[in-house]
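Take a look at the structure set out below.
Chain naming follows the written order as A, B, C, D and E, and within any one chain the residues start at number 1.
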Amino acid sequence: MIENRPWLTGFSHLVLILGVLVVALPVWVAIVASTHPANAFGVGHIPLWFGDQAFANWHQVLIGKEGQASQVLRMTLNSLIMALGITFGKIAISLLSAYAIVFFRFPFRGLAFWVIFFTLMLPVEVRIVPTYEVVANLNLLNSYTGLTLPLIASATATFLFRQCFMSIPGELVEAARIDGAGPIRFFFDILLPMSRTNIAALFVILFIYGWNQYLWPLIVTTDDAYYTLVMSVKRMLSVPDGDIEWNKVMVSTLLAMIPPVLVVIGMQKLFVKGLVDAEK
Amino acid sequence: MSVYFPQKLLPYLLLMPQLVVTAIFFLWPAGQAVEQAFYQEDAFGLSRDFVGLDNFTELLTSSEYFASLKTTMVFSFSVAFLGLAVALWLAVMADRVIRGAMVYQTLLIWPYAVAPALAGVLWWILFDPSMGPMALLLESIGIDWNHFVNGDQAMILVVISATWKQISYNFLFFLAGLQAIPRSLIEAAAIDGAGPTKRFWDIVFPLLSPTTFFLLVVNLVYAFFETFGVIDATTQGGPGQSTTTMVYKVFNDGFVGLDLGSSAAQSVVLMVIVGLMTVVQFRYIERKVQY
Amino acid sequence: MSDLVLRNIGKTYANGYQAIPSIDLTIEEGEFIVLVGPSGCGKSTLLRMVAGLESISQGDLLIKGDQVNHKEPAERDIAMVFQNYALYPHMSVYDNMAYGLKNRGEPKSEIETKVNAVAQMLGLEELLTRKPRQLSGGQRQRVAMGRAMVRDPKVFLFDEPLSNLDAKLRVQMRVEIRELQRKLGTTTLYVTHDQVEAMTLADRLVVLNKGHAEQVGTPMALYERPASTFVAQFIGSPSMNLIPSSIENGVLQLGVDSQLACPQFSTDKVMWGIRPEHVDIVPLQDADLSLQVKAVEALGAETLIHGSVKISEDKQYPFVVRLSGNHAPDIGQPIGLRVPQQAWHVFDAETTKRIEPL
Amino acid sequence: ATQIEWWHAMGGANGEKVVEMAEAFNQAQDTYEVKPVYKGNYTETMTSAIAAFRAKQQPALVQVFEVGTASMMAAEGAIYPVYKLMRETGQPFIQDDYLSAVTGYYTDEDGNMLSMPFNSSTPVLYYNKEQFEKAGVSAPKTWQEMETVSQKLLDSGVECGFTTSWQSWIQLENFSARHNIPFATQANGFAGMDTEFVFNRPAQVAHIEKMREWQQNGIFSYGGRRSDSAPKFYSQECSMFMGSSAGYAGMKRNASFDFGVAQLPYNAEQIETPQNTIIGGASLWVLQGKSEEQYQGVATFLNFLSRADMQADWHQFSGYLPITQAAYELTKGQGFYAANPGTDVAVKQMTSVEPTENSKGLRLGNFVQVRDIINEELEAVWAGDKTAQVALDAAVKRGNALLRKFEKAND
Amino acid sequence: MSDLVLRNIGKTYANGYQAIPSIDLTIEEGEFIVLVGPSGCGKSTLLRMVAGLESISQGDLLIKGDQVNHKEPAERDIAMVFQNYALYPHMSVYDNMAYGLKNRGEPKSEIETKVNAVAQMLGLEELLTRKPRQLSGGQRQRVAMGRAMVRDPKVFLFDEPLSNLDAKLRVQMRVEIRELQRKLGTTTLYVTHDQVEAMTLADRLVVLNKGHAEQVGTPMALYERPASTFVAQFIGSPSMNLIPSSIENGVLQLGVDSQLACPQFSTDKVMWGIRPEHVDIVPLQDADLSLQVKAVEALGAETLIHGSVKISEDKQYPFVVRLSGNHAPDIGQPIGLRVPQQAWHVFDAETTKRIEPL
C-alpha cells in the first residue's frame, strides 16, 4: 500500500474508466448507428443513442435477400479460412525456422536470419504489383493458397519464437540429449509443449492479421466464392456518388469485428502472457 | 542458450519452408521492384525503356517526396508518442488499483483486434465535419473542425485513428513492465521520502525505459509501415499531401497512379530504410538498453 | 526512554489472514534486535509495519515516544535495508545514497559531505560513480547499508540483508554490520531466518512462530534455556535431538533398555532433548544410550554422526552427535553415547514448553 | 456456357443492380454466362485489371472511369476497340444511336468508338428548396447569381452557400468546357499526346480565386475530394451541392427536405450561352487475349446492355445518363421525368448544344495522378495556403511532367 | 576394471579459451568422486565432457574400457543431474522420469515398474502426477535424482545439484544422496564448489584450480595434508590461517616478537599455516602469538574469534580461532594463542606447494 490515499485510488479508477470510454467510443457509435435507418445519418448528426431499426438492419445484412445468408456465411467462412490458413502456416514455418536458428549452428545461419528478419517490416501494400504477378504466374489467383501463402512470408512469428526459444535453459536440451532425444523428438516432446503460451499469443496476433486483410484478397480474388467479411465493408463504402448506407456498413463492420475481438478477449490470458514474456 | 544440436543438415531442412516462401513471395517480387526501378514503363507493360537512375533522381529532386518524408516523420513520431503516453498513463493507473486491473485490461485490449481499415472508417465518421459527433463537439467549444481543408486537423485525425489501435498493445507491455518493477524499489523510494509523482519520474519511469524503448521501436515501425489501411480509409493522403506518408505514396503512385517506375524506386528507398531499421532494431533487441 | 515500542501490535491482511495476532516488544536505544523464525512466520510483516510500508491493524507503534501508526514511511525517520538491496539501478552509487537527502531538500554541499563521510566509512569512495550493476554482491550490500546510514535515522530496519550473498561473503558482511552498528549506536531491528546470523548479531533475539513471539532474550539465554521445543530446534545447528519419553518415579524412560535416573518434573509426558555437541562417545557397556550409525560426515575439524536411537520395536528417532576432530565409527554398527544430565533439556510433551525439575 | 468475366466498380445498390443486369442477360440466353466481379472503387478496379493484364489474367470486360480513358486508349495492344469488336463479331451496332456528348468522349480521331459507354454522369447543381423559399431566392444560373443567392441564404441563417464534390471534374474540367476554353492544348489531348495543361489561364484562375474568397467568407465550404461533401447538403449545412447526376438516388434517400436540380452555373462575363458539360462515370472496355467465343459473348452482352429498356431502367434506377437517344425517349414516354422533376436536367445540360473541341471531353495521360495533384493544389487554396494562381501554376507544372512521362512511355 | 578413465583429457573452447589443459583420472567402480573448486575452474566443463555434451579436445575418455569420445550422450549410459534440475516443465513427474526409457523404446509395463520402484525408493509415489512447478525445491531435486536413477546408468554425473536449495534442505539432501549412492553402488562424479558438501560426500576429492587437478585424495587426506595453499584454504571452514614468514636457522620468524622454534625446511620463504580449530587460548605470558580481538561470534556449541596478528609495524594478518563451547573475550583486547607444532602446515611461499620438514 505504501501510502494511505484513497482518493488516489479513486482517481485511478476515474482515469481508467475514462480511458475505457474513449477507447470504446468508436464502437459505441458503430453499435448505435447499426440500429438506425439509413437516412438517419444524412439528415445531420450521427445518433448517439439507439434507434429502433436494429433488427431490420441486421436482418437486412444477414438474410436480407434470397441467398444472402449463405453469402454472409460464405464470407465468414472465407475470412476464417484465410485467417487460420495464415495463422497456422506462419506458426508452422516460423517454429521450424526459429528452431533451426536457435538450436543449431551452421554456415549461413546469420544470413538466413537476416533474410527472414528483413521481411518483417515491408508490408504487402508496398510490393503489391510484383507480388500479384508472382501469384498470378503461379496460377494461384482465386484460391485459398493464393490468399494465404504470400502473406505467410513475414517474420514476426519467427522472431517471437526465436526470443522465446532463447529463454529456454540449455540444460533442458542437455537433459533431453542424455535422455536419448534427438532434435526431432526434442522439438515435439519438449519444445512445442513448452512454447504453448507463445504459440497461443501468436495465434491471436496472426489470426487478427489474417482476418483483417482486405487489400490482398480484393486483388487476388475475382470469384465471389472467395470474398471475405472485411472486404465486404470496404465494398459497401466505395459507392461512387451513391449514398453510403451507414447503417448497413456499421452492421457489417461489427460483424467483421466480432470474431477477432472474441479471439483476443477469449485468449486474453495466454495472449498477454505469451506476448509479454517472449519480448522481454 | 549456448547449447546446440550437432546435426549439420537438419537445420537447412527446417529453414527450407520459410526460406522458400520468403524467396518466392518476398525476394522475387522485391527483386522485380528493384529491376523495375530502372525502367520507365507504360501501365500495361507493353513497352519499357531503360532509364538508368532517372526514377531515383526524379524522386530525390522532388519536393513532394521530401514532403512525404517529413509527413511520415511527423505522423510516426506523433503516433508513437501519443500511443505511448496514453498507454503509460492508463497502465500506471491500472497498476495502482489492486482490484480490477484485469477487468480494465480486458476493456482496453480489444481494439487491437479491429482491422485498421475498419478503425479508420469508425474514426472517420466520428470526425466527419458535418455529421460526426466529435466534430460537432469540437464545434460547440469553438473549434472549427474540417479535416478536408485543414491539413493539421487531417493529421490529427489519422494520428488518433492509428494510435487508437495501438494503445491496447502498449498498455499490455507497460502494465507488465510496471508489475515487473520490484516493489521494494518503490518502497525504498517511499522511505527515502518521495511522494507518488516523484517516485514515478525518479524511479518508475527510468526503470521502464527498456519497455518504453522497445515499444517506441515497435510503434514507429507500426506507424511507418502498417498504417496504410487507416490513411486509406480516412484521408487518403489529403488534404494537399498533408497525410501522404511514404508507404501511402508508394502504393498510391504505383497502384493508383500506375507510375510503376517511380513507385518501384520508392519501394527500393523503403527497402533501404527497412534494412536500416532492421539493423537498428536487431542491435537493440540483441542487447537491450541497460539502465 | 525506550527507542521503539510495539504495544499489542497485530496485523490482519486484507484477505483476512491474520499474520500477527499480537506482539509486545520494547527496544532500548542502541539495541540490536534480531527477529528470527521460519519462512512465513511474519518477520517481514512486522518489520514492514514498523517501516510504515504495511498498515497496522491493531495496537500502537511508538518511536521515541511518539505514536507513529499513521505516519508515512518518510516521516518515521527510519531507514531500511532490503533483501535484494533495492538499489535504484539507474542511479549511481552516489545518487542512490543521496536520494533520500535530496528529497528532504538538504543543500547540495551538505549532502555531499554526508555521502562522502559514509562512503569513506564503508570503503565505497572508489565506487561512487558506478551503477549498481557494476558492483559485486558484497559491494551492493554495502551501498544499501550506506544509503540507510547516510540519513542518520533513529532506527535501522534490515530484512534478510545477507541472504543473497554466498557463504563466505555472508560471514564477512555479518561481522561488518555488527561492527558498524556498534560504532553508530543506532537502534536496529534485523530480520533473518538464519540462526547463525541471528546468534552472532543479536543483543536480543526474538524468535517468531506463526506470528507469536516464542521467546525473547540474549542468544546465549536462548541456546542454553530454550523456552520451547520450537526454539530449541530453531537455535543451534545441527538441531537439538528431541525424543518423546515419559518420566516415572524419577526415571526417564528412553526406550528399550535405556532408563536414566532423573530429577522429579511436574509432568510425566515429556520431550527429552540434548544438543548434538553435548553428547560423548563411550564404550557400549558404559553407555546411557546406544546409537545405530547411519552416516558419518567428517568435516576435518569436527565429525557429525547421524544415526538413530531405538526406543521400542517399531519406534526409533533420528539422533545426531557432533564431535570435535576426526572420528570414523563403522556405518551400520551401534555406538555407545553418554548424555550428561546437566546438558538435558526437558519440555512438556503437550504444551512443548520448557519445564524445570521440581 | 462460355464464361465472361466483367470487372466493375459498382458498390452498394448500384452494385446489386449490375448483378441483376448480368443475371437478366444470363437468363435471356444460355450460350454465355456473364460473371460480374466487384473489384473495389474506380481506381482499384482499373489497376486490378491492368495488373491482371500484366499477369495475363485479365477479364474480358472491365469498367473504367472516364479519367482512365487516355491510359486505356494508349494501350493499343491491350484493348479490343468496341467498334472493331462489333464489326468482327458481326453484331449490329449503330454508333449514332448513342448520345454524341457521350460517345464523343470515347471515340478516336477517326470517330470510332473504342469503348462502350455504360454509366455516364455529368455534374449538376442540387439545391435545398425549403431554404431557398425561406430566403426568397431561386436557383442561380450564373456564378454571379451564385454569389448573391448564397449571400441571401447566409443572411437567412444558413451556414454555407454551396459545396462541391469532385472539385477537379466540376470546378476545372467542366468549368473549362462550359465556358468553351481549353483545359489542355491539342484539343484537350484528342489531337495528340504532346498536349499540355492550360487550366491556369485567367478565366480558371479567377474562378478558383473567387472560390477561395468564398471559402473564407462561408459562401463556399469545401468538404472533400470525391462525394464526401454530400452530407453537408443532407444536413442542411449547405444550401447547394454540385455533384454528379448519378447522385440523385442517394439524394432522394437522404435528404429529408425538398430539393431541386438545376444546371451548373456559368460565368456570364465569360460566355453568353454556356457550352455543354462533359461526362464522368465510366465505360466498358474489352481487353485483348480472349477467345473468339468469348468476344462473341461480350459483343452480345454489350448489345444487350444498350437495349433501350435496359438503359432506361439503369438510368432511372441510378441517375446515370441514358446513353442512347432511345432510352431517353423511352424514359420520357414512361413519364419518369414528370414524376421526378430534375432528373432530366443533366440530359438537357449535356445535349443542349453541339460539343466543341473544348467540351467534347478530355484525353490526358496519367490523369488519375493529375487529378490527385489538382486535388492537392486546390486544397492548399481552400486552406488559404496558396493563391489560385500559384496553385494552378504548380498543378499545371506538375501535371505537365506527368503528361511528358506518359508520352514517353507510350510512344 | 576401472569404471571411468580420463586419460590426458583437455578442453579448448571454440573461442580459443583453454578451460582444461590436461587431466588424468581413474575412477573405480562404485566410487564417489567429487570435483571441487572455485567458480570458473572448469568443473562443469569436465563433467560435460564426460556426459558427451561438450566435445573432447584432446585425450581419451573410457567408460568400462570403451573409448567413448565420440559417442552421443544417450549412448554413453550415463545419467546427469543438473543444478537447476532441468526437469521438463510440461511433463508430470512420472513422464519426466519415464522419458529416457521411452526414448529407448522400452515396453510400457517395464517403464512403469522401473519408475514406480525408483519413486518408492525416493518417496515420490504421491507426486507422480504433479508437474514440476507444483513441487518444492527438495522434491524437484529428488525427481531429478529419480530421473537419473531410473535408467540405471553406469555413471551418475551431478553438477551442483544442491546449490539451489536452502541450508537445511541441503544438509538433508546431501545425506540422502550419499545413502542412495551407497545403496546403488553406481560410480559417481559430483561437482560442487561447496567444501562441506565435498568433504562429506566424497570417497575421493579432486580439487580443481584453473583446469588443473591440484590434489586428488580422500577428504581427510586433503584436510590433513593439503598439497598447496590453494587446497589448504579451500578445504576446511573457517579457512586455514596463513601467514607469510621466513625460516632462519630452525626458527620461524612470525613477526614483531613471535619466533617459534621449528624443524629445518628446504626453503626459507614460506607460508605458515594453522587451522582455526587447532589453536588454543592461553594466558598472554605463555602464548606463542598474540591476537587482537575484533569480533566474537558465539554460536552456542562453539565460538569464533576474529582478530588479527601483528607481524610488523605496518603488517598484520587476519586470524580466526575456533573454540568449542562458549567464550567471551573482550573485543579490542589481545589474547594469547598457542599453536602446537604438530598442527602446523608449511608451504613454499613461491610455488605455494606443501613442504615437509627435512
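Please note the rule applied: a contact is a pair of C-beta atoms (placed from the backbone, for glycine too) under 8 Å apart; a residue touches a chain by one contact, two chains touch by 3 or more.
No experiment lies behind these values; they were computed from the predicted model shown.
Asks: Using the touch definition from the top, what's the fewest steps needed to get from subunit C to subunit D?
Replies: Steps on the shortest route: 2.
Asks: Return the chains common to the contact lists of subunit A and subunit D.
Replies: B
Asks: Where are there more C-beta contacts: B-D or A-B?
Replies: Output for the comparison: A-B.
Asks: In whole angstrom, how far does the Cα centroid of subunit A sit from the Cα centroid of subunit B?
Replies: Between these chains, centre-to-centre, one finds 16 Å.
Asks: Centroid of subunit A to centroid of subunit C, CA atoms only: how many Å?
Replies: 56
Asks: Averaged over CA atoms, how far is the centre of subunit C from the centre of subunit E? Could you give it in whole Å?
Replies: Measuring from centre to centre gives 28 Å for this pair.
Asks: Of all residues in subunit E, which are in touch with two or more distinct other chains?
Replies: 53
Asks: Subunit D: which residues touch two or more other chains?
Replies: 44, 51, 54, 231, 234-235, in rising order.
Asks: Mark out which residues of subunit A touch at least two other chains, giving numbers and ranges.
Replies: Those would be 2-3, 41-42, 44-45, 129, 133, 135, 171, 174, 177, 234, 237.
Asks: Mind listing the subunit A positions that touch subunit D in their complex?
Replies: 38-39, 41-45, 129, 132-133, 135-137, 141, 218-219, 222-224, 234-245
Asks: Which stretch or stretches of subunit B touch subunit A in the complex?
Replies: Contact set of subunit B toward subunit A: 1-5, 7-8, 10-12, 14-15, 17-19, 21-22, 24-30, 32-33, 36, 86, 89-90, 93-94, 96-97, 100, 104-119, 121-123, 125-126, 128, 130-133, 136, 164, 167-168, 172-173, 176-177, 180, 186-187, 190, 195-196, 210-211, 214, 221, 224-226, 228-229, 233, 247, 250-251, 254-255, 260, 263, 267, 270-271, 274-275, 277-278, 282, 285.
Asks: What does subunit E use to touch subunit C in their complex?
Replies: Result: residues 167, 171, 175, 178-179, 194, 196, 199-200, 219-220, 223-224, 235-238, 275-277, 294-295, 297-302, 306, 322, 324, 326 of subunit E touch subunit C.
Asks: Using the touch definition from the top, list the residues of subunit D that touch subunit B in their complex.
Replies: For this pair, the touching residues of subunit D are 43-44, 47, 50-51, 53-54, 71, 74-78, 215, 221-225, 228-229, 231-232, 234-235, 237, 366, 368-369, 372, 375-377, 379-380, 382-383, 385, 398, 402, 405-406, 408-410.
Asks: Mind pulling up the subunit D residues that touch subunit A in the complex?
Replies: 5, 7, 9-15, 37-42, 44, 48, 51-52, 54-57, 59, 65, 121, 165, 226-227, 230-231, 234-236, 243-244, 246-247, 249-251, 253-256, 281, 318-319
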